[in-house]
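As structure tokens, the structure follows; a few thoughts come after it.
In this document, chain identifiers A, B, C and D correspond to the written order of the chains, with residue numbering beginning at 1 in each.
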Amino acid sequence: MLMPAKNPITSFDVRKVRKDFPALELLIRGKPLVYLDNGASTQKPSAVLEAMDDFYRSRYANVHRGVYELSEKATQSFEETRDKVKNFIHAGDRKEIIFVRGTTEGINLVAHSFARPRLQEGDEVLITAMEHHANIVPWQMICAEKKARLRVVPMDATGTLMVDHLDSYLTDKTRILCVAHVSNALGTINPLETIIHKAHRMGIPVLVDGAQAVPHLLVDMQELGCDFYVFSSHKMYGPTGIGIVYGKKELLEAMSPYQGGGDMISSVTFEKTTYNDLPYKFEAGTPAIAEAIGLGAAIDYLQAIGMESINSFENELLAHAREELNKIPKLKLIGEAFCRSSIFSFTIDGIHPHDIASILDREGIAVRAGHHCAQPVMDFFKIPATVRASLSFYNTREEIDALVRGIYKVLDIFG
Amino acid sequence: MLMPAKNPITSFDVRKVRKDFPALELLIRGKPLVYLDNGASTQKPSAVLEAMDDFYRSRYANVHRGVYELSEKATQSFEETRDKVKNFIHAGDRKEIIFVRGTTEGINLVAHSFARPRLQEGDEVLITAMEHHANIVPWQMICAEKKARLRVVPMDATGTLMVDHLDSYLTDKTRILCVAHVSNALGTINPLETIIHKAHRMGIPVLVDGAQAVPHLLVDMQELGCDFYVFSSHKMYGPTGIGIVYGKKELLEAMSPYQGGGDMISSVTFEKTTYNDLPYKFEAGTPAIAEAIGLGAAIDYLQAIGMESINSFENELLAHAREELNKIPKLKLIGEAFCRSSIFSFTIDGIHPHDIASILDREGIAVRAGHHCAQPVMDFFKIPATVRASLSFYNTREEIDALVRGIYKVLDIFG
Amino acid sequence: MSELRELYQDMILDHSQHPRNRGKLEKATHHADGFNPLCGDKVKIDLMVDNGTIKDIRFEGSGCAISTASVSLLTEAIKGKSEREIEILFGKFHDLVTGKNENSGESDNLGKLAVFQGVREFPMRVKCATLSWHTLLAALKNEKKVATTEK
Amino acid sequence: MSELRELYQDMILDHSQHPRNRGKLEKATHHADGFNPLCGDKVKIDLMVDNGTIKDIRFEGSGCAISTASVSLLTEAIKGKSEREIEILFGKFHDLVTGKNENSGESDNLGKLAVFQGVREFPMRVKCATLSWHTLLAALKNEKKVATTEK
């Protein structure tokens, strides 16, 4: 949310925190890197890199199948991350935590194994106007296959979902509602409690795309009550190559598997195959083992700082950024929802986002220009692209000020 | 193959090579690790670990979407691996190299995007009697869905595919033939040239499961001429979380995408989505970026040693191992095909493989006991499990001798 | 070697090579199948239960020395016992093989089953020692599903 | 700053803010759409080709300063040229913006297009500068597919 924290964090020391991230010391053509593309992916703390490196050097073996000690240790370390994830998002059971490659694969898994078999011709899948392509395309694909209809809950000009209209989109044909917790293009935090409540009243299951929420907010499956929650490690200070699907146990148990192969079966003959129990039913083949170790270390790291501290510090940063940016002539913030996370998109009259980002890059400032894999959001605002700066708790007020100075240079060049 | 190399490798120095692998210095309860489970997964050379660590520390950003320098560098490093893989397996075009999580996901991708839309009721999918579950279950799943028939090319008691009978299995209903290059349970090297020739004569495409071949043999797509070739990084000294599907360009182009999301599209509206070009059409979402860097380093490492040197050294080791093991009373080698890779399975009369592996583990010797994700192979030989030792070029004759001594201890305990 | 000798004690080797109560029960009242996907061990248990206590038991299946000895010794240990008594016994057995209650002397009450004490040094073999117990309890509940040691 | 000034020279800014030959050609003989998925730049090119040479050209679309200036200057540079001449010109232009043939003096023949020399210091902007050329060539071949700068 946009309000400054009530108690400024005294325990949170951004200078100290920055030392944990080797990449923050990089120079870009001689200028210190100002990394403001955290929505795309975050940098990694040494603790994560060391955990993976150490794992490969001293405990590496394939998991689940070895009867020797090294493999047992590897399996334990791997499975520990499942428990860490469970605790981090307050899932009810470790079986509800499925390892996938990332948010995209997670949503595809749910689309394929949950929604697809339940979709009939004429049924509806409901998404929202601010979804990332990862939460659009898989649904388009299965809707096309099943001749189902993809419907879209609209948003208003501030980038706020029109939740008042939600009821008219929830029909007895709706088989699933899919919504981002936080919009990656606009920063909007969606009112999940209301949304999930309305959907569940109609018996409609809800998938939440948590890719942009987990790194910034306290996320609690018990409180949310959603049916599926999906997110990526690489956006939450963990390694690439791994992500999570949380699913309610009853639903996962009733689902058919996704990919076939080793580990997801309990016995195989050429005639008949029996699938394994949860969570393994959904984890075919050798998983991303070292990546799980790294994700575990990232969760430890985040919990040591505390998600509340992270959230309040980021909110302070965001408030500062918005205040300063609002002073810049011709600059327009895209997305003005009241509840926001530390992402902001903007455009400048007459200057294309791509040019802005190129000029900022020469100042060492990494921001994103483009449609942010949310082309429908761009279409809605009738713009080809925006510049997006997305903050992390390791960013500083000085970095925001560097961004502002950079933007003035842009204005200067384009005279 | 089982023949000792003609010219003993002088350039290959296993002592030196072992120093590249930190895990080979581990002690298991005070005893030096003798790692003979390379078929399950290999240890990693420092070069691979350092490449990934360095990437995260000095070049990390998300790929393909950033307009700033850091992201451009990350994208370059990531895409370089595609070229390295292309060269390593002699593919014709970098577009033919698709990044996936591993062999299992790769086979599922081909089953889903290539075979599924081409399968009609009554059609046939042909696999062999020695496939890994990863090359059985995905085909069972789509055959069940499409009411197609899964047929199995038999093998003989030596674990050799009955290629003479192949023609009778190749019918005008066969839509794809799926075969392991090297059997992970038996070590058999299948005569791909003959197999592919026979299938292609009938116009039947061939998928090769190369998981156990790429780490040991020179693999050449131009020579093989197969339509799909799939393998895992973690079995070839690279990191977990990444693997490769090679596919002929014309086939990949004609295929529908696998997962939906970012990167695999070129434009999205709620009404219509246009898919991206190869290879990106099959790479939805943030890929395993650091893992690609690691895989690239693994390929560099293997090429610096040379696959010929690796192959001859491993063949010498295998010959020594088989000679020594054949001397052990009550020990029976399972799989006696003439063309073999450095994997051997065995049983001992009256002693369960699990007990053998436990005892060997106390000697620091890591071997696998079980069905090796090839239950039908076990059923064929009417055994519940085997002990499997699978060699790498970093193993030594002394390690084989330690294995032999370990087996004598087993015999001793079971008196 | 001593840990290995402790694991593979003579009694365990004897029972694994000459398992007792092997076969089927024509008039079984309860039955269950057990399976350990990790190592492929399979066990089938037939029970004759009368008046809440076990009158007879037979097993079939193949497994490693630990799992075969475990089911063989189990068949001897549980005759005449009630479901409740068996649960308590399994609790103690489980603590023994996992190394809980290490010095509590609980194993005294386990009779011959105490021979499995060595398993505690081999965490990966716990499932081998307990598969038959899980299967037995599944049989008592007459569960249709195949019992496994996974939780 | 000098690299940036070199990239955003006055002529580029002028053409990006006041692009020439914008619009449609009623009697176009050739047409193509171009798209750069990375930054969302779009360009549509209409051509009137007569006797193998380009008689007229118009474009529509939105893009960054580099891509807009590129298409605007392109429309001025190619009138009266044949497909072959255009291919040669694009070859030179491509070398210019990618920094190949750095000191070969080739840019002399490029006329106003030489103003894009600064792009060579911005490898990520090469696609912005070349999208219009790819689209033009696609139009000349009357390709149905949307042209992109991806290979």
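The rule we apply is simple: contacts are C-beta pairs under 8 Å (C-beta built on N, C-alpha and C of every residue); 3 or more make two chains touch, one makes a residue touch a chain.
Quantities reported herein were computed from a predicted structural model and do not represent experimental measurements.
> Could you set chain B aside, keep the rest fixed, and say what connected groups are left?
The remaining chains, counted without chain B, form one piece that is still joined by touching.
> Based on mean C-alpha positions, I'd like to know which chain lies farthest from chain D.
The chain lying farthest from chain D is C.
> When the centre of a chain is set as the mean of its C-alpha atoms, what distance in Å lies between chain A and chain C?
Chain centres of chain A and chain C, defined by C-alpha means, are spaced 46 Å apart.
> Nearest whole angstrom, what separates the Cα centre of chain C from the Cα centre of chain D?
Inter-chain centre distance comes to 78 Å.
> Could you give the separation in Å between the centres of chain A and chain B, each centre being the mean of its C-alpha atoms?
Once rounded, the distance between the two centres reads 32 Å.
> Could you say which residues in chain B touch two or more other chains, in rising order?
65, 67-69, 265, 267, 354, 358, 369-370, 375
> Identify all positions of chain C at which a residue touches two or more other chains, and write them in rising order.
Within chain C, residues 38-39, 124 contact more than one other chain.
> Can you identify all of the chain pairs that touch?
Every pair of chains meeting the touch criterion: A-B, A-C, A-D, B-C, B-D.
> Could you please specify the touching residues of chain A with respect to chain B in the complex?
By the definition above, chain A touches chain B via 22-23, 26, 28-29, 33, 35, 37, 40-41, 43-44, 49, 52-53, 56-58, 60-62, 65-71, 101-105, 107-108, 111, 132-134, 136-141, 150, 152, 232, 234, 239-242, 257, 259-265, 267-270, 273, 284-291, 354, 357-358, 360-361, 365-370, 373, 375-376, 379.
> For a test of understanding, state which residues of chain D touch chain A in their complex under the given definition.
1, 3-5, 7-8, 13, 17, 38-42, 62-66, 68, 122, 124-125, 128
> In the complex, go through chain A and note every residue touching chain D.
350-355, 358-359, 362, 369-371, 375, 378, 384-385, 409, 413-415
> Note which residues of chain C are touching chain A in the complex, please.
On the chain C side, the touching residues are 35, 37-39, 123-124, 146, 148, 150.
> Hey, which residues of chain A end up touching chain C in the complex?
Per the touch definition, chain A meets chain C at residues 64-65, 67-69, 72, 265-267, 274, 276-277.
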